[in-house]
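Which chain is which? They are A, B, C, D, E and F, in the order written, and residues in each are numbered from 1.
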Amino acid sequence: MFNHDRHLQFQAKPEKPDALFAAKLQEILGGQFGEMTVMMQYLWQGWTCRVPGKYKDMIMDIGTEEIGHVEMLTTMLARLLEGAPAETTEKAVAANPVLAAVIGGMNPQHAIVGGGGPLPRDSQGVPWNAGYIVASGNLLADFRSNVAAEAQSRLQTSRVMNMTDDPGVKNMLRFNLARDTYHQQQWLLGIEQLIADGYVDHGIENSNFDEENQDHNHTFWSFGADSQAGEGRWAQGPSLIGGPDLTYLPQPVALTDDTALPPPPDPKLYATYDGSRGPGKTGDAAGAHAQGMSNVVKKVKDALE
Amino acid sequence: MFNHDRHLQFQAKPEKPDALFAAKLQEILGGQFGEMTVMMQYLWQGWTCRVPGKYKDMIMDIGTEEIGHVEMLTTMLARLLEGAPAETTEKAVAANPVLAAVIGGMNPQHAIVGGGGPLPRDSQGVPWNAGYIVASGNLLADFRSNVAAEAQSRLQTSRVMNMTDDPGVKNMLRFNLARDTYHQQQWLLGIEQLIADGYVDHGIENSNFDEENQDHNHTFWSFGADSQAGEGRWAQGPSLIGGPDLTYLPQPVALTDDTALPPPPDPKLYATYDGSRGPGKTGDAAGAHAQGMSNVVKKVKDALE
Amino acid sequence: MFNHDRHLQFQAKPEKPDALFAAKLQEILGGQFGEMTVMMQYLWQGWTCRVPGKYKDMIMDIGTEEIGHVEMLTTMLARLLEGAPAETTEKAVAANPVLAAVIGGMNPQHAIVGGGGPLPRDSQGVPWNAGYIVASGNLLADFRSNVAAEAQSRLQTSRVMNMTDDPGVKNMLRFNLARDTYHQQQWLLGIEQLIADGYVDHGIENSNFDEENQDHNHTFWSFGADSQAGEGRWAQGPSLIGGPDLTYLPQPVALTDDTALPPPPDPKLYATYDGSRGPGKTGDAAGAHAQGMSNVVKKVKDALE
Amino acid sequence: MFNHDRHLQFQAKPEKPDALFAAKLQEILGGQFGEMTVMMQYLWQGWTCRVPGKYKDMIMDIGTEEIGHVEMLTTMLARLLEGAPAETTEKAVAANPVLAAVIGGMNPQHAIVGGGGPLPRDSQGVPWNAGYIVASGNLLADFRSNVAAEAQSRLQTSRVMNMTDDPGVKNMLRFNLARDTYHQQQWLLGIEQLIADGYVDHGIENSNFDEENQDHNHTFWSFGADSQAGEGRWAQGPSLIGGPDLTYLPQPVALTDDTALPPPPDPKLYATYDGSRGPGKTGDAAGAHAQGMSNVVKKVKDALE
Amino acid sequence: MFNHDRHLQFQAKPEKPDALFAAKLQEILGGQFGEMTVMMQYLWQGWTCRVPGKYKDMIMDIGTEEIGHVEMLTTMLARLLEGAPAETTEKAVAANPVLAAVIGGMNPQHAIVGGGGPLPRDSQGVPWNAGYIVASGNLLADFRSNVAAEAQSRLQTSRVMNMTDDPGVKNMLRFNLARDTYHQQQWLLGIEQLIADGYVDHGIENSNFDEENQDHNHTFWSFGADSQAGEGRWAQGPSLIGGPDLTYLPQPVALTDDTALPPPPDPKLYATYDGSRGPGKTGDAAGAHAQGMSNVVKKVKDALE
Amino acid sequence: MFNHDRHLQFQAKPEKPDALFAAKLQEILGGQFGEMTVMMQYLWQGWTCRVPGKYKDMIMDIGTEEIGHVEMLTTMLARLLEGAPAETTEKAVAANPVLAAVIGGMNPQHAIVGGGGPLPRDSQGVPWNAGYIVASGNLLADFRSNVAAEAQSRLQTSRVMNMTDDPGVKNMLRFNLARDTYHQQQWLLGIEQLIADGYVDHGIENSNFDEENQDHNHTFWSFGADSQAGEGRWAQGPSLIGGPDLTYLPQPVALTDDTALPPPPDPKLYATYDGSRGPGKTGDAAGAHAQGMSNVVKKVKDALE
């Protein structure tokens, strides 16, 4: 259950409105790595976290903080949009020619859809969607995603900050930068804590490790004749998880003579086929037997007896 | 420019078809963290990489490898779908009742749209989209995204592998697991190499660091009364980037008395407003001056003279 | 700023797991009218509300409640998914043939993507997106959208509730039904309050009413020869906003002889055209004059002088 | 079956082209609440309406009218785009500097994709999608959605109308405003008719009402310490559906001590877990029994005997 | 303007309901090549067609027919869904075990969202979107798209028809097949008519032909060492548009020594860069001059004088 | 498996940067018919092609070429964006007023998201998605889609080329135009080859032809009273596939007296219904029998015995 405090976590007051900048600021609110993304990603990870105590609490705490960051940005945007041109274009242009440029760069949805307020969309108007987030239940994999989200988010915030001179906006963005710096550390230290607590052996996701093909988990394949990729640390030296040293494969040969031909098609699907490999299997009951279910009827019978 | 070798990098042959499993396997081909995602993410990062030599070559090499992984999965899927039920449901069910279950769990688009072949979609039929990928030009931030993508991808591959007993499928997935293990290392070592080469000081994205608010980049804010989040390494001990130690804020108070009220609205936008804070600024030419452009006309004039 | 209480608003405990039902329950979490929609819709309306006091507080209160409803549903889903089949299909089917049906109807992403947890998606796996919500700044229009959202949401909850016999699930859904009943009232009474407080004259959105064509705001047009639509209250009796009575137009004739022909095309755009109406205007500087800007240069000059 | 009359329902002729305004006008054609939305929403509701006579006919009539409204807007847009700049930018700018602003604000897809014609997209270029509409088969819930759609649509039309001075455009938009005013009434009166005809008792969707939790369907929960939401009509006075008066809960306490912990995870899904609550249930055949199917085998057997 | 006739163009009556088949039938209603796609594609092409008379009328006629096809499919779907399982799963399964399979394969949104009616979505539940359609204003290019849409649509209809034995469904689909056969011809003959009427010289879209690179418009490039692609007609024989014969390039060499390096980056964007090619240009006013606008100020001045 | 050659297929060097044009150029990279679409469409068709030899090789060859075209466009875009305004807007505008227009028309994501590089999006910022492509396994239907994609792509390239004077950009686009000309031919000749090789009888997709309704596959239906569509070749003359001549139906009458009423609804779904046609079938086990499964239990029993 959540509660709401009417005050913002940090002040969100521009010195003056700026509709052009508002269009850009949308990116770090409703974009792929905007505040909506980290808010939803952390809340979902918190709700699905199965480790009570410090892990679940930490994730819920930051998820709750991020709701407040979305709140700060929506407030800032409404203030940046104050007095943005919403009336007849031509008349306005006549009075102030430079206004034409502002009108060109404004996001018309800020007026038409948002009524002078923010939008849950990115700087190009694409609505936020849940395909941006992840909550897998595996804390190592998810913390890796979180470090990445904070790094991209901080980078975009830096870029956006250079696009304004407004001291009020800059003041808030300096706070956002600081939180992104801290939060990157938080997730990296979360991985260290997972190791310290014995949940994982190292920082590499390796579920089902024993099943993994051990010949191909330490080799760099190079697919360009003049590639210099072999010079990097990733192509030589010890592996991060023990075992053989990393190896560079400069002129790789396909590991198989399989030429990737799909099987003869079911004639009822009308795929084009020359018959050279015999007739396709029809997808009827007979085909179903080929689906590996042929002996299930017997098992059903056995189970029922 | 690219070239194509007719052979697969690694064999993609199931022992027998399995249309139910094919529906699930789509996730690691066309899902949020499927092979299409890493293929497109790395190619785009390679094309936008501005550091010639080992970095650009490494990224292009792995991007090129991933096209081949998409190829392996599409081939495997066409083979898993051989003989999948495509004819009248009822008749087939009559011949083999258990088939009903197969039909229930099959993806009908495999027949109707793909003609017995794979789809560029996830296991629920959602088409792949470019909102899944990132290529920011900043190698640190992007390598972080790449580690995360490989970790999530490997986790999903592990989960999918437990859903089949087919030795041919398992054989290919063991190869995929191995590549995901190596590629996680590759991107982590890429970050180490960036540090070694002096591009970044440490693994934390910190562009515009001097502008950052230094009071708030080392504090954990806790928003739950009974949170135990303060017990983790992320709430204590030295910062990863120097400066003050990490600090835990157990009962945070808003840093401002700003109650998040948007400004009075432009009356032409018909937002609901009680007038308590005076009339809204109309978004006409006069409003445009308030947009920070008031003195630009003079500057235009100056520039033109 | 928000705070989090570790306890759920209302209990979310199924008597026993049910993976098939979990797939359906996703609809009222991440669907078009699921809890994510009302949570985001109300928070955004609250953040953009310009009327301090009871209106803004009411909207923020319900938005905050809805975050907790998303929390209840995510918890319920993780519990419904306990022990859901995640291993090899065939083996499982052998042990329990009816399981085949369960496997057919399960959402494979619950295992592969969510690790046995909920997804921010609808019952068909489509990710939630912000195109579902609205926050226009106009409280009348938005309260209308909110009544509709609660009505659809309650209807879907009713339908879903009939798909389970689990007393724990039903207990929670009875609470959800109750809140949806109350919230429908809340928004309808919000409209009454807007009228009582003098923000609007009646419940019809009528911004710019004086500009409106007064001949066509009280007529029902019927476009079917045998339509019986004229029998309804909407086609007769007093208007809800005063003025002439409602009227039924049984055999409407187009109000214009305009045959909807687009103008001759710009030849540089290669649209197909027969030249019958003269050459198209080219979209160069000359064309720009036709764009209504012809006299702006003069005005720029005047403004600068 | 449908027929087409070559004439527009109402004239759609701008006095002169205006490419900048055309970009904005797209919102009320292909946006969330544009004419495509109401056209598709009403047609789908008509096709799924199960009440022959005045209801089904009324819905089909308005759906058919809205196809004509899409036609009016597409025609208007093609005319507004006449002579829009489609040639080399720099050359055009040289001849007419103010044109630069027009070019900045134009939608490039109007030329590149539409060939000087309209697009089935919103004012930011996002393609229309069917996630915007609803047709639930329940006329009360759907009429509520329709009132909301007309209110939002009318509001956006009002806002867009203030962005032009063109008398031809304004003339058409005045007609659109009038239809939106009437159509809001039509749907509200449709609800009154549903009550008069005995389909529903009142305007609140209350399917499955007897199952609903009667303690929580008349209470306002406040989640902010200083919230003034209790002052509104929604927090006091008689309920709209009978029963206890509405009540205000100023300091709500969670109704449960459930701390939202998901169950121990299936180890085959590799979710992070500390083992504190025992081992997770594996999702195999044994797990399937826990899925509530344990006794179905017996029932199958019984049914077959 | 449109009118509606209450009767269906062709009967849409299944012999009996079939919820499993209904889920599949959605593909040819709301899928990429479903009836919604051709309906919207043709209406939009008709509205943007600039050639009055037979072309515009033909396109409007078929667009109007397709609205009726959507109507037929929505009606058929509602009838196929009659009596589909909407109640508690377990109870139903107990009474009829095979029902479990039906439940597994049903689309739950048919009950929860559509109330037993059709959905504007494909067979996997993805909402229809306007990114599927095209209306470019160029009749040759658009007729090509229309032939393709009818061919894919017919193919999918064929595949779907094999999935049912219901004589009522088959009867309607036989009509749909026939219309798709005719409509493929219609668009191919539309291209012949365009040639006969002199709008185009041949069936190849060749706007701006004189600007085209004449060395590379008749060569097949082969990028695989063992490719047999040179054996096809596309790699030899006369060109369809005159000029040199078609040619096969078996071992192509890149036409440039350009190694695809992006320029040095703007330091304010924090892209990773080694400085090897000098400092990046900063994107300030100085950078703007490099944007090709350097001489516009002068031209503005000239124009204003 | 694929290999990468560091050199571009064709040079991609603009004479000078141009951020405004870069925003437009995105359309032919990441739009509905951009290079990403043809790259992915052909690769997927190649992977699913079941005819070894010249067909599969031809498709893989062109798919591989198109990866290189995406590479050319991404490189061109990074170069066009060199020195694009990324710093404070107002300061830049002060130094160069015309810059304001550039800023208005720039795509802010080019700086914020791409770091001065290209985006996998269209000219309006909509991310590319796999709903644009098709790979059905039926070469005739797919080649038709490919001709259409090349025609639309060439048309858009022509339109974009007229929007720049940069000789370097024009040089590359001339190459793109040439390839699109050739590739249109390639797919048309591919259809001729399919006919020559006996895979199809003619260019009309006619799977399941014998099942098709032979009365309605050669008639043009006209739905407008004053339509002139009967004058075209599509309404008269011999059919392209033999059989009766094409026929024009000027005043079509519905072929059925079916008035499109859905059946009585399941009461558990709460659809509005007047009971005039008796009670709806409830979707329980009894309903399931009506689903055409009534006799399956017996068959299961038989099969098991």
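Odds and ends about this structure:
Operating definition for what follows: a residue touches a chain if its C-beta (ideal position, glycine included) is under 8 Å from a C-beta of that chain, and two chains touch if they have at least 3 such contacts.
Listed by chain with UniProt protein names: A, B, C, D, E, F = Manganese catalase family protein.
Computed from a predicted model, the values in this text were never measured in an experiment.
Common neighbours of subunit C and subunit E, by the contact definition above: A, B, D, F. Of the two chain pairs considered here, A-D and B-D, the higher C-beta contact count falls to A-D. Centre-to-centre spacing of subunit D and subunit E amounts to 25 Å, using the average Cα coordinate of each chain.
Distance between subunit D and subunit F, defined via averaged C-alpha coordinates, is recorded as 26 Å. Looking at subunit B, one finds that residues 1-9, 20, 32, 47-48, 55, 57, 60-61, 64, 71, 75, 78, 86-87, 90-91, 93-98, 100-106, 111, 113, 115-117, 121, 124-127, 129, 131, 134, 136-138, 140, 155-156, 158-159, 162, 207-208, 223-224, 227, 252, 254, 259-265, 268-271, 292-293, 296-297, 300, 303-304 touch two or more other chains.
A complete topology is adopted by the chain contact network, contact being made between every pair of chains. The part of subunit D that touches subunit E in the complex is made up of residues 1-9, 30, 36, 40, 43-44, 47-48, 57, 60-61, 63-64, 67-68, 70-71, 74-75, 78, 90, 93-97, 100, 113-121, 127-131, 133-138, 292-293, 296, 299-300, 303-304.
On the subunit B side of its complex with subunit E, the touching residues are 1-6, 47-52, 55-56, 86-91, 93, 97, 100-101, 103-109, 111-113, 115, 121, 124-127, 136-140, 194, 197, 199, 207-208, 303-304.
Across the complex, subunit A meets subunit F through its residues 18, 20-21, 23-24, 27-28, 31-32, 98, 100-105, 122-126, 155-156, 159-160, 162-165, 223-227, 252, 254, 259-265, 269-274, 276, 297, 300-301, 304. Note for the complex: subunit A touches subunit E at residues 155, 158-159, 162, 268-270.
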